[in-house]
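Have a look at this one.
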Amino acid sequence: MFIQQLVNGLTIGSTYALVAIGFTLIFGVLELINFAHGSFYMVGAYFTLMLMLAMGGNFVLAFIISLALTGALGAMMDHFALRRIRERRATKDAALISTIGIATVIDHSVLEFFGSETKSFPAVLNLGKITVGNTIISYMQILIFAVAVILMGLLTFILYKTRIGKAMRAVSQNMDAAKLMGINVNFVISFTFLVASVLAAIAGTMVGMYYQAIEVTMGFAIGMKSFAAAVLGGISVLPGAMLGGLIIGVVEALGASISSGYRDAIAFAVLIIVLVFKPSGLLGKKHNNKV
Amino acid sequence: MNRILACLARNQLLISLTVLALALLFPLVFPSQYSIRMATLCGMYIVLALSLNLITGYTGQVSLGHAAFFGIGAYTAAILATRFGLNFLFTFIAAAIVAGLAAFLLGLPTLKLKGHYLAMVTLGFCEIVRLVEMNWMGLTRGPLGILNIPPPSLWGFTIDAPIEYYYFIVALVVLTIKLVQNIVDSRVGKGLIAISEDEIAAEAMGINILRYKVMVFVISAALAGFAGAFYAQYMSYIDPTSFGTDQSISIFIMIIFGGLASIPGTIIGVIVLTLLPEVLRGLMDFRLIIYGLILIAMMLVKPEGLLGNINFTRIKKAADGKKAGELK
Amino acid sequence: MKPLLGIERVTQRFGGLVAVSNVSFQIFENEIIGVIGPNGAGKTTLFNIITGIYKPTEGKVMYDEGNIAGFRPHEITQSGLARTFQNIRLFQNMTVLENVLVGMHTRTKANLFDAVFRTGRLKKEQLEATQKAEYYLRLVDLYEHRHSAAKNLPYGSQRKLEIARAMASEPRLLLLDEPAAGMNEQETAELMEFIGKLKALGYTILLIEHDMKLVMNICERIIVFDHGCLIAQGEPEVIKKEPKVIEAYLGKEA
Amino acid sequence: GCGPASEANNGQAGSDKGKSYKLAFFGPLSGDAMQYGVAIKNAVELEIRKVNDAGGINGVPVELKVFDDKNDPKESVNIANKIVSDPEILVAIGSFTSSCSLAAAPVFQKNQVPLFSPTASHPDFPFAGDYMFTLAMTQKLESKKFAEFVIEQFGPKKVATIYQNTDYGVTANDIFVNRIKELGGTVTGSEQFISGQTKDYSPLISNIKAQQPDIFYVIGSYSEAAQIIQQAKALDLKAQYIGNGQLIREDFLKLAGANGEGLVVMSSIPVFLSSALEHQKLSANTEAFVNDFKKAYQVEADGFSAMGYDSASLIVDAIQKAGADKKGIRDALAQTKNYAGVSGNLSFMDTREVERSLINYRVKDGTFIPYVRE
Amino acid sequence: MAFLNIENLTVNYGNIKALKGIDIEVEKNEIVTLIGSNGAGKTTTMNTIAGLKRSSGGRIMFDGEDITQMGTPQIVKKGLTLSPEGRQVFPKLSVFENIELGAYTRSKKERDEMLEVVYDLFPKLKERRSQSAGTLSGGEQQMLAVGRALMCKPKLLMLDEPSLGLAPLIVKEIFDLIVRINKLGTTILLVEQNARMALAISQRGYVLETGKIILKADADYLLNSEEVKNAYLGGV
């Protein structure tokens, strides 16, 4: 039973981690809480499902087109809604409100087009499950976990080892200086949004497949949890997002098995307590800004 | 433009009095229950937004959990009024005290956190409070909410008619504005703004940062608790759904939209954002899409908010200074 | 005579790096002391220790006979020390005047109660504070700009504003971290004169500077750092000729 | 989405200036319960259209004001205030859930405006005041009957429940669980979830699984129940799954897929799904309603819309008797006895609620069929 | 036409006119110094040339091309780079990563080449290559800023107060370095408070006062002009 709850928790946690990674990416580059991230996650899942239904069940093609569309949407969001704010050197709060506006527009457009009812997501991958003693683990759970780990690794590689990754990190700290290095700041940021949105779409589709259902509101709740996960792990540290997601998931599952009503409260309480003792999150580096 | 602002700045008192007069005359011009109700809710949101502005606008600490204190106030008042039949002096003051106390307990260990870490903590706190409201059936009746909360009454006089509520909230708004204005204009207020600008420098100027932050957090929460008490007794019904993170975020949007650290900005921001969905009601299902687009457009055109970056006191001083210079 | 400030065997480590290593020295009332040394020698770190930004790994900071090592910065300011920052840290969006008013924080008393009820005490104090602030601004020649936002001042003026802000807390000991950086020679000369005036007003001053003309002209005593260690200390004439200092810092011709 | 939720002003009523009987409808027309709300609204509009086409009530047309409360109680309080501030509105129909109806109730009661909910089943609702009516059998009766049915069919077994943390869910669960215990069954545990918060029920299901119940009762909306059942199956929770009337929708079958197979659904409201209709005989007026509804909206009517339709009909009748007099309408409504509604035979008890008999179903081969003991 | 040719450049900050129509020419392989007191507009000039600040009038030509409307990254790619006032290092990146980013527009080979040169010049940076730049001392950050600007092997290097906060020994080294890279074919535009040393290595100089060029002459002339001495060189 405990082991089963652990497995449950790790699965929920992997879905949080999956979303948190994209969230963290935007945060790391722009120090921006992207409130629209959950909406991209939702819209990615909708694109995949709707395209698949429209194309007679060709999942792979639908998935690829969905990633492209969601990614493009993310880059467009930056281009049309955020770039100008940035160029006017406005506060981060303005950009944050803008992302809330974008989330509202996306959510309600989807609502308008597809309705608010839960949509069933056909079981595309029928992978089956394994039973170990009393514990049941489905291959889909393992897949979600694996994808989260792989994406985290891939992104860490991009951020730390590639040219554009280094540019991303530079942009986050000083835009003027980054321009002086010859970095095309707007391109780098739009690209970051593109990557983050693609990640969101992957997560949305995977989670949709796992629960075999998607709905318009799916982004909000998970958005909040993945924000919590990112912060718990130490914002802008990718492995932190992963770790934070898993911890929140496990705490939540174990908490739910004690008191289901307070399940989220327990997860958030743990988060607050951790931050009191470790103000920059579990893996976050304490930056004693030299004066 | 600058001249207009200077003119506005110089006639602050006159303008304030005009606005107040307009507010007082409002129900006579728009007597429908609906408009009075909208105006009353606007007033309540102004109190909430001004209180959030104290901690987020002036002190620079992003709080995404303001609805928690609003809710704590509302529940405190509702429980005291329904269970013990206490009059509104007690319910309102108790609401403010309990909310302030909660802020103290939360703030003391967490207000040392920076930026988004604090945002997350406050957001999480809001969620925890909502879940307590949702699950502590014995105290809050959980999702059933508290019904039939009596209207505020004192010494036999009961605030009952919509118009009485309206004047009551106008009075609360005036008090809140005065309170915030006085704090901001004082030495304490300067300290708060300094903290929002540069914590290390502020500390080096001898400001006890944590104490100031906790203090202003408590005041801000107490005001929100006050607004909560009003809400509970005005609505006569409360349930946990009114105090969730979405509510926190919409208060947050209001203060950014109006302009951080600006009292007139906050007031205008609240009014615009409260009325906007009503005005757009004709667009039916599209109205929230339009609402979102307006938020985005606003941030593109004026990212600092409607009246952000406009400090009337400073403009006035500068204008006065210039005038004095001309005389010389 | 008792020292105003006594640094006793202070060490500061950052991970493996020893930024300040077992340093001791004393400062007496109404002295002007210069701190010099190569880049990264530990001068600013020393200031950070004295003003409570860092808690030293080892050692004591005796001020007025008490050990203030590990006190919070605001407590230290309260007790009569004030500083400027090497990397300017003004309240960028506040006006020049407001910056100085914040500097007076420890010397004004109005509390929340006074603020909320706008008591007579508050009004009186506010008036006095403004007058005093304007006095400081006249001292550094920024009175004309008192209503512009600090961030709009040019670099050199920002430095002067930092000094005015530090003075506003009425410190006994003023710590200036590279006050002349970003000033041309003419402005530096003016600054020297100004610091001389401060001494006449009774301030004790500890300053870090790389401008040797300034240091050699106005400091009564100079302390030299290298690699976290105090390698020499004495009067300018002596320091100028000290081979260790020439090698590590001044270079041959200076 | 669904057609525009316009403020319907049907027929040629406009020509007769100012003279009309005004009614209000409010319910969830957007948000998570929108499907239910829209169906009810459509049925109400259907009836009013019919009345107006036939010349109105004694020649006076009926006008309907429609409001969307998004299944948010505070929104319904707002709407209630808006409604009562218009003295011409005689009766309000709404809302769908108990939470919204309960929140709005005091406003109507205080202003002496009858509030007629087609579906609110919280036992407290009728007690909010004598101007409150509901066409649902309240939980006090319904959930009790569910429990009795379970014990009768499956014997005094081990029962576990999972329920939605709302007014409706909490009471439905409490009453059901207590009755089971009274009847000698064991309740191994009850898990609650908060709607919209998460889609992952596995921790709760794992808990339940560890209790090894024989019967697993799910109280939630059709989409939540579909998810819960799917996840329970994935975790190999072996038990008889049961649910209630909310689940009787095509969409539930679609979402639940093969996992729905074998589910037993207890209901106090009728079902008109074509799959179920094959096995059922309807009364003439019910059949007419089902056909009209389908013609008007191209979707099948459900039990909730039937209740909405009946609400409107009863109110029209009452206005016929009492005219534009709120108190009179209230009194006339309270008199309702043995009314042959499309959702069944309706009589208000003293508490202005109705009693209904259970109609139970089983999911078989992807359709609902009337339940027979196996 | 000169290598860098600025005509009638005006720049505003809101209502403040920071530059009121200035003309500057820098010939290929020259070192030109811009002096002026506090707030004269030196930094504004540099930032505008680099594209960080938009001009409100006038024209900037570089290497025969109009760069007035170009974005900073494009200008940098053309071979014009700025070591900005106030250092502007990337505080959370390591020293090495900062330097490496300096060569963002260059090939890996060129990067490695220049890395040697910069490390050679500032051994301190090599020693601290994995420390995060934000924790360097003021002077160390200044070295980093200059080193980073060198990394892209610019055709024209603009330095805004490169000696700020540096110890006397290092100041000398910096000026030696400027001469050295100039000899290797890099044109230099310099803003310095240390006007004496700056003019000593320059061919020509401009004096900027409240947004206007008030004097333009050979460096030797400026060094000996009484007017300049009194206003900027501390009167000696």
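Labels A, B, C, D and E are assigned to the chains in the order they are written; within every chain, residues are numbered from 1.
By our rule, a residue touches a chain if its C-beta (ideal position, glycine included) is under 8 Å from a C-beta of that chain, and two chains touch if they have at least 3 such contacts.
Per UniProt, the chains are A, B = Branched-chain amino acid transport system permease protein; C, E = Branched-chain amino acid transport system ATP-binding protein.
As the structure is a computational prediction, the values presented were derived from the model and not from experiment.
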item: Set of chains adjacent to chain A and to chain D; value: B
item: Contact-richer chain pair (by C-beta pairs counted) among C-E and B-D; value: C-E
item: Far-end chain from chain B, centres as C-alpha averages; value: E
item: Computed distance of Cα centres, chain C from chain B, in Å; value: 40
item: Chain centre separation in whole Å, for chain D relative to chain C (CA means); value: 75
item: Where chain A and chain B are represented by their mean Cα positions, the distance between them in whole Å; value: 31
item: Contacts with 2+ other chains: residues of chain D; value: 1, 30, 165, 194
item: Contacts with two or more other chains, residues of chain E listed in rising order; value: 135-137
item: Multi-chain contact sites of chain B, meaning residues that touch two or more partners; value: 131, 134-135, 200, 285
item: Every chain pair in contact, whichever chains are involved; value: A-B, A-C, A-D, A-E, B-C, B-D, C-E
item: Touch list for chain A against partner chain C, complex; value: 290-291
item: Interface residues, chain E side, partner chain A - complex; value: 50-52, 71-73, 76-77, 81-82, 84, 88-93, 97, 100-102, 104-105, 132, 134-137, 148-149, 152
item: Of all residues in chain D, those that touch chain B in their complex; value: 1, 4-6, 30, 72-74, 77-78, 81-82, 85, 99, 102-103, 105-107, 128, 165-167, 170, 194
item: Complex contact set, residues of chain A against chain D; value: 1, 4-5, 8-9, 11-12, 15, 111-113, 115-118, 120, 123, 129, 131, 136, 138, 211-213, 215, 217-218, 221, 252-254, 256-257, 260-261, 263-264
item: Footprint of chain B on chain C - complex, ascending; value: 51, 53, 72-74, 77-78, 82-83, 85, 89-95, 98, 101-103, 105-106, 108, 110-112, 114-118, 122, 125-126, 129, 146-148, 165, 169
